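I'd like to ask some things about the structure below.
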Amino acid sequence: MLRYAYYPGCSMDTTGVTYRMSIEYLARKIGLELMEIPDWNCCGASSAHAKGKWQALALPARNLAIAEKRLPGLDICVPCAACYARLLAATAAIRESDETRARIEEITGVTVKAGAEILTLMDVLGTDEGFAACAAAVERKLTGLKVACYYGCLTSRPRAITGVQNIESPELMEKIVSLSGVECVDWDFKTECCGGSHQVDAPAAARPLVERIFRNAKANGAQAIVTACPMCHLNLDMREEEINRKMGTAYDIPVYQFTQLLAVAMGASAKEVGLQKHFYPAFKRLDRTLRKAGTLQ
Amino acid sequence: MPVNEKWMPKILAFCCNWCTYTGADLAGLNRMKYPANVRVLRVPCSSRVSPQFVLRAFQKGCDGVMVCGCHPGDCHYTSGNYYTRRRFMVLKEMLEFNGIEPERFQTRWISGSEAGKFRDTVAEVSEIVTKLGPNTAFNERRAENV
Amino acid sequence: MSRTGVFVCHCGSNIAGALDVERVAEAAGKLPGVRYAATYKYMCSEQGQQLVRDAIAEHGLDRIVIASCSPRMHENTFRKLLKDTPVNPYMLEIANIREQCAWVHTDREQATEKAIDLVRMAVAKVSKNKPLHSSFIPVHKKALVIGAGIAGIQAALDIADAGYEVTLLEKESSIGGHMVMLDKTFPTLDCSACISTPKMSEVAAHPNVTLMTGSTVESVGGYVGNFDVTIRQKAKYVNHDLCTGCGLCETKCPAKVTSEFNQQLCTRTAIFRPFPQAVPAKPVIDPDSCRKLSGKARCGVCQAVCPLGAIDFEDKDKLITDTYGAIVVATGYELVDWAPLYPEYGGGKYPDVITGLQYERLVNASGPTEGKILRPSDKSVPKEIVIVKCVGSRDKKKGRAYCSRACCMYSAKHAHQILDKIPDACVTVFYMDVRTPGKNYEEFYDRAREDGARYVRGRVAKIFRENGKLICRGEDTLLGRSVEVPADMVILETAMTPAPEIRELCARLSISTDEYGWVQEAHPKLRPVETQTAGVYLAGTCQGPKDIPDTVAQAGAAAAKVCILFSKNEIEGSPMISAVDENKCCGCSACVRVCPYRAVTLEEIDSREINGTVKRHVARVNAGLCQGCGACAAACRTGAIDLLGFTNAQILKEVDALCL
Amino acid sequence: MAQLQFDNSASLAEKIAADAGVTLSDCYQCGKCSAGCPMSASMDIQPRQAVRLLQLGMADELVRSRMIWLCASCHMCVDRCPNDVDLPALIENARYEAQRIKLCAVPEVGKFNDIFMENVKNFGKSQEVILEGAYNLLSGNLLQDMGSVPHMLRHGIVGPEIRTVREREHVRRMLTAAEKEDEGC
């Protein structure tokens, strides 16, 4: 049964709005039940574990506790990579030592067992059932569009707690997004970091990271980059023009969430997946692909 | 021997010459330290140790007995330690049947290069046996004094 | 009543420094049956041994207990001493009061107590010892050498030159191993083929050597001096007696497969010789790639063109059994399969990221590019080349913590060759340390730097292709800055690992390997070419990574050990083997079943009973096969079969003594 | 410049290593971490040198460095390290020690984290608009990313709406308790 507890994360209603819209469209289409954790709080992202170890564990622990009480027996689907990393780290810490669990329960005032598995949206759609449901729901193909699948760092690292075998070039997103008919190029910056929050608080140091990703994607013939995290999407999409301006590059690579491409392949219109909300114009390339493929709605 | 506060258990360790005895020697070469209440009895292979010897040791007043050999698959005589493993699984039940705490009898696989493991095993077993106290269930000599 | 002598050794201060040796001797003096007890500073010294001889004569001793270091050290020394005294060498017991007492206990009182206990156990045991006499085992003066790389070839040559018969096995279709793949060898840069092919032809032509290629060991039985070994020789499908090696069939064969010898850089035909100077210089057919044999098509072209009718598609594997006195394991190494271990170096998807051995084939005149360094992708001459060291070695995360020893030197050789052959080449070597532990090695490394190789200290984190260049990301840790070096070709100096089937072979020879699969030598410092199984010796990289000079030295040492064994017609077997008291034996065959060496058999005997003679079965021990493990003695319900030297009586006495 | 002294802050180095669960002697300074670090180009000391400072008992220099604030904790270094040295954990604990003595060599990062956590303490959730606005004010780069604000407003990416957690008092209590716990050890 495609039913999971759902932890959207703070950016889903703001910078991650296109991700939310495409996930909701997708979930409706394939019958994926995402039961939002009631009254969830922020996972702490990169700031909590910069401030203190127990602040970093307390925030996600409360969410785990609510999910265990209100949505028992369901694994937790976490579409945002940063939230996934924090919930996973808390789960690992709680499972690893009872002493940690006791101190967390003392701090948060709630009992937490961390029994539920923490999954990214890719994991969910990568299961046999999820994959079959997506395959069945695809109505049109985006044939001819060459994309570079960008995972970012937190969906695969640290391997000790994510359990991902190949942290250098995973294949999961390629497998899922190929359902939409796009062609995935083989490139080498799949899991290089995009700079995360440093794009805001250390822009001079962080911008080159994004430029490096665009450079390798372009060098390998990518016409678009596909992400699976609101932070990665924001950092690539929002900074492309500024990089072209300041670094004299001419990248013309729109950035899509993998759920947007799937949704469009399942018949969603540009508006339904929020293409107009992108910082770097994203409508033209998809529109031309669909026209060439003769399957525009 | 009345039980005084610093009571030292007497533990007999049958050690196979090719692996555990070599490991014990290596522990000596590396000047590792471990409790002095274990006496090693050298046998060519752990499969030479008959259950009779173990029962004799307990009967005569040993507080703990160990049978140590090569890791299964590494036996110098190819299959000796398979017999050891089977024989002493059965013996453990018999000891329990006779009222001897099974923890007093330990079988361990220690190779010729595992000096540290030999030291840790001796320390661990002597701690176990010290906690269990003197072996009163099954020994003639102590029965007379107590 | 036994007249035992106890000698407690000071061992300088090793024992005397940690426990009260005088008190141990004094306590020993009071033990039942002890006639004489003394201590001496060095029992194993000449004077110490003389003390024993005098004491035997003076006090008429018939049993000796030495309380000293481990029996594994000096039991033989004292046995040899007793040989020329009236006391039988096996009327001796050693109490280990050094490695297992003085050196491992800090409390002097407890150590002394333990030493006294150990001496009491030894005295009790020796009271039940009986004189034993060695049996003698015939030695078949024929050696088996497994693996015909430079190690196997050298060992076989030395044994054969000593006048003994040798069978040299090689699993590939030609001998030569990895050395013959190389172009030059360090530190003298002489050509590898020039120094190994002569040895290959010499060993092939040697009257005492039987060369069997395409052969592996199927099973091994018996013991030192009498190993009966079954060898599987794979079908060659070419009758080498008829074939003259003209090579016509190779030119006509339509099947093309990647060449293992040339490290997948080019193809070979199904009927092939791996390289021009192959020994034997006659082709074999690889059944998997041959269209006819694998059933893909009718083909049979080679048979049609062969002027001598040497092709025989009906050829079958042969199993040959023979008896050998000694076995030398020289199975060599393989390079680790780096691609699945290093996705960060491209995981094998970039054709221009090659291994050291692939480079050796490129630069080798008989290689796929006739010695011109051309990069595999577009056969162009690479100008910027990066050499990455420690790929798979010194990397716990990738499963191998050890250093592969030879790569520091051969990477300097690679750098030198590139700078020599490609005029304006630029070579960057990423290293952590450069280890030059041999004669003229450091000078060789200096030359590589003088030639212009740029050594950057730092381990490469990532290799990726961008705009036609292979970008190597490393940190120059001496500069403290991260750096990206673009390259046309990258050479990975990958780790050595043992040959693939080494674990099965070692199981058959009942010798053990370490966690990585390197064969376990008897003693890393004192017995590097011997194994725990008498009669089985080691040579070369099967024992651990090493370079050619060490390999050849070890091959000579292994050959010497074989010759020592063969210098005697029979060897003295240990007398500590099982013996059967036929009166107690009821023929239940429990001992027959547990014996790992099939040394015990049931024999029918005529037994005189009250009502006349009766035929019944009793166990009988073959003195040659029995290795003295004692499994039978522990399995025997009636105590009929017992292990001499470790009899039930002796061990029970030792147990009783401990518990007084 | 006074001659370099080792072990000028050895106990702090040991504490950082112990808290991070790292055996410093595991690292043989091969540089694979620095080589793969995406932020290494703009760091005053390389990731490898951070471990070197701790090995030599010079934690003080690490705690004052910009590097520990520029690390994006992407974990590329630990997942490639041949000896499994958990460098992100060392850097994290160096940050905690820096905060205990009120040090932050890259003030913008410190401010960003403080504002972020204030938001979470007040509302239970991070508020992008307040985070962006307050950060610009406090960090002094008033016009940073202002160019894209019209676009974000027009498309409802950011807006006046404040999303809060009903039990945000519980979140506040929880975070205050956690802060005390963090100061303690």
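We just call them A, B, C and D in the order they show up, numbering each chain from 1.
Here is the rule we use: a contact is a pair of C-beta atoms (placed from the backbone, for glycine too) under 8 Å apart; a residue touches a chain by one contact, two chains touch by 3 or more.
From a predicted model like this one, the values you see are computed outputs, not experimental measurements.
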Exercise. Note the connected groups of chains, using the touch definition above, after excluding chain C.
Key: A, D | B
Quiz item: Which of the two pairs, A-D or B-C, is linked by more C-beta contacts?
Solution: A-D
Quiz prompt | Separation of mean Cα positions, chain D and chain A [Å, integer] | solution = 22
Quiz prompt | Cα-centroid distance, chain B relative to chain C, in whole angstrom | solution = 32
Quiz item: Approximately how many whole Å separate the CA-defined centres of chain C and chain D?
Solution: 52
Quiz item: For chain C, which residues are shared contacts with two or more other chains?
Solution: 344, 462
Practice problem: Would you please write down the residue numbers of chain D that are in contact with two or more other chains? | Solution: 41, 76
Exercise. Give the residues of chain B that touch two or more other chains, as numbers and ranges in rising order.
Key: none
Exercise. If two chains touch, include that pair; go through all of them.
Key: A-C, A-D, B-C, C-D
Quiz item: Which chain C residues qualify as touching chain A in the complex?
Solution: 343-344, 346-347, 349, 462, 464-467
Exercise. In the complex, go through chain B and note every residue touching chain C.
Key: 8, 10, 12, 17-18, 21-22, 24-25, 27-29, 31-34, 36-37, 39-45, 47-50, 52-53, 56-57, 60-62, 73-74, 76-80, 83, 87, 119, 141
Quiz item: Hey, which residues of chain D end up touching chain C in the complex?
Solution: 28-37, 40-41, 45-46, 48-49, 76, 80-84
Self-check item: Footprint of chain C on chain A - complex, ascending
Solution: 166-169, 186, 188-189, 215-216, 219-220
Quiz prompt | For the chain C and chain B complex, residues of the former touching the latter | solution = 70-72, 96, 98-101, 103-107, 110-111, 113-114, 117-118, 121, 507, 510, 512, 532-533, 576, 594, 596-597, 627-631, 633-635, 643, 646, 648, 651-652, 654-656, 658-659
